[in-house]
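Encoded as structure tokens, the structure appears first; notes follow it.
Chain IDs A, B, C and D follow the sequence of writing; residue 1 opens each chain.
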Amino acid sequence: MTKTRLEAFSDGVIAILITIMVLELKVPHGDSLDELRPLTPVFLSYVLSFVYLGIYWNNHHHMLHAVHSVTGPVLWANLHLLFWLSLIPFTTGWMGENHFAALPTALYGIVLFMAAVAYWILQQSIIASQGAGSLLKKAVGTDWKGKLSPFFYLIAIGAAFWTTWISEALYVFTALLWLVPDRRIEAVLPRNEE
Amino acid sequence: MTKTRLEAFSDGVIAILITIMVLELKVPHGDSLDELRPLTPVFLSYVLSFVYLGIYWNNHHHMLHAVHSVTGPVLWANLHLLFWLSLIPFTTGWMGENHFAALPTALYGIVLFMAAVAYWILQQSIIASQGAGSLLKKAVGTDWKGKLSPFFYLIAIGAAFWTTWISEALYVFTALLWLVPDRRIEAVLPRNEE
Amino acid sequence: MTKTRLEAFSDGVIAILITIMVLELKVPHGDSLDELRPLTPVFLSYVLSFVYLGIYWNNHHHMLHAVHSVTGPVLWANLHLLFWLSLIPFTTGWMGENHFAALPTALYGIVLFMAAVAYWILQQSIIASQGAGSLLKKAVGTDWKGKLSPFFYLIAIGAAFWTTWISEALYVFTALLWLVPDRRIEAVLPRNEE
Amino acid sequence: MTKTRLEAFSDGVIAILITIMVLELKVPHGDSLDELRPLTPVFLSYVLSFVYLGIYWNNHHHMLHAVHSVTGPVLWANLHLLFWLSLIPFTTGWMGENHFAALPTALYGIVLFMAAVAYWILQQSIIASQGAGSLLKKAVGTDWKGKLSPFFYLIAIGAAFWTTWISEALYVFTALLWLVPDRRIEAVLPRNEE
């Protein structure tokens, strides 16, 4: 089985997810600035999730670059990842509409955590399918970002019930961690092979 | 006619279907756990349908692997399959919102049954287009899964009016039948060539 | 410019249109058959439009087969066709929700008519871009279906204000005209080169 | 990294955006012409945004033609462009529903302005990635359209608070500027190398 359709299908699902989130930005009936203001938290959570889905699409893209043939387990691990990503529009909408309240903020983190786990499972199933001398295994290296991110999400989930701003800050920080090009981070962190 | 656009179009439709189902998970207005709880059946039916659409995408993918040219009847048989799949978000939403009541559960099975029939018609029309020595005919083999599934759906439809949990169990069991890798089943069932 | 992205974009738009129409099938709150019955006209108009969009996708597919390079006018003629097709979910929903009332039925025909005109413009702009000895011109032949369909839509639009069942019958009949394989029609109509 | 998936993903997002805008055309409950009339401004703003998204798709298509490999900055510049385009359905709906009132008209222009800036950043990041002798740099030429458009949007944003018809006229005019084939404009404007 070739990877072309797997890529096309994943691209399709992520493109739809990134776009239907904007439907949560409900068009207000009035035309004043006061009508627009309550949408601010919905807009901010939209921006955050847009960036996260962009990161996932970007990383997915890179990961599949090191793949040649797709096995059954890889295909289902990919669908499993898409499942958790598909819940992001829901958690984004809930968090935005409730102005970053505790429970929605925690649930947002839970879905991010599950997506990170699903991404890791997908990575492992590809490495397993490639056997010894796996190209992806070499490319991934120590994968400190992939290992650190779920840890940050867990702290954010716990912190949400104490003060949600720590959680939000952690979500933004983790996103930035992936956005900033590695070369800059290389100087800060001694062992970075990703 | 080549199969590339048929694959791309089918992938697009299935990717959209699997994603718009999540729109039935309406964002609740409050931020408490009590607001989230009523969504449980909607979520469970979403998971079930996500798996079913994933199985269809997966099988569709495999089936088209054995195809080289696409004839008119194959193209329309494919659209016919997509039509029944397109009703899954509706039946999923209806079954979820009504907490797995009898009629919605039966209708869910009817659409699954029709999709299975449509899949069989597509398979037959491809085999017919390939003539004697059809590659797909050999690949399909006895196709015991494809033959058994519609039978399970029919039982589930009937059982829904008696007790819906039998129906739900059958829907889950049939999905698992397709998910579990064949090699394990090979040991249990003597004649399995799919 | 190659035609690959034009095909991919058109496939994407048509796949989305054919799928979002199903969102007009609003999930009823109750679980009885009485709740489902009012959806019948919405469902029937959905089936009709599904078939029409399937025909357009199919024909679009065939037409682009005879195309090698895409010029600016062809690209905009294609977007013009997609524009009219994009209004089909709206007219479908309006006609279905109003149980095939006069005005919605007429508007449904107007959009079908405009889509047929847009398809013809696209065909002509491709033929023009290919110059003398156009491959598509030969393939299209007398194009009696393409010439007859807009005429049927016009009759249906007029008939809607008298009795809508004639309009609906004409919409169904025109769709069948495109669905039925040409070889059968060849026997009935003496001059058919499409 | 190849550009195929970047194109496919961008096509997917733009195809979805151009299509979900039509969901703002809410199906009216009654079947009379009076029910349809209030939709006129929503329809007109839909047509305008359809043309704008068509122009962006078209230009994006052309720009990527001159690209061979995709770097990290190009990928994120592309996602940044898609972000601003993803807000067009929202601003279109708000402007249409409020019959081209001042603030929604201004916001429509702000998003168009930001999309134009994002397009320019994408262009620059591609040129930078190609180094000296960039193919795209030559193809873009003086890029008078790309430089003039944001200027027109800024005037339109300011004019919206005085009289919105100037803004609308500027939005339509700028769209026409991109639609009209360059050869005609060549005669009018002496220096046009785009």
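The working rule: a contact is a pair of C-beta atoms (placed from the backbone, for glycine too) under 8 Å apart; a residue touches a chain by one contact, two chains touch by 3 or more.
Since the model is a prediction, treat every value here as computed from it, not as a measurement.
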To lay chain A over its twin chain D by CA atoms, how big a turn is needed, in degrees to the nearest 5?
90
Using CA atom averages as chain centres, what separation in Å is found between chain B and chain C?
27
Intercentroid distance (Cα basis), chain C paired with chain A, Å:
39
Among the residues of chain D, which are close enough to touch at least two other chains?
8, 12, 16, 20, 23
Graph class of chain-chain contacts, one of line, ring, star, complete, other
ring
Could you list each pair of chains that touch one another?
A-B, A-D, B-C, C-D
Which chain B residues qualify as touching chain C in the complex?
1, 5, 8-9, 12-13, 16-17, 20, 23-24, 72-73, 75-76, 79, 82-83, 86-87, 89-90, 93-94, 97-98, 101-104, 107
Residue ranges of chain B in contact with chain A within the complex
7-8, 11-12, 14-16, 18-20, 22-23, 25, 27-33, 36, 47, 50, 54, 57-58, 61-62, 65, 179, 181
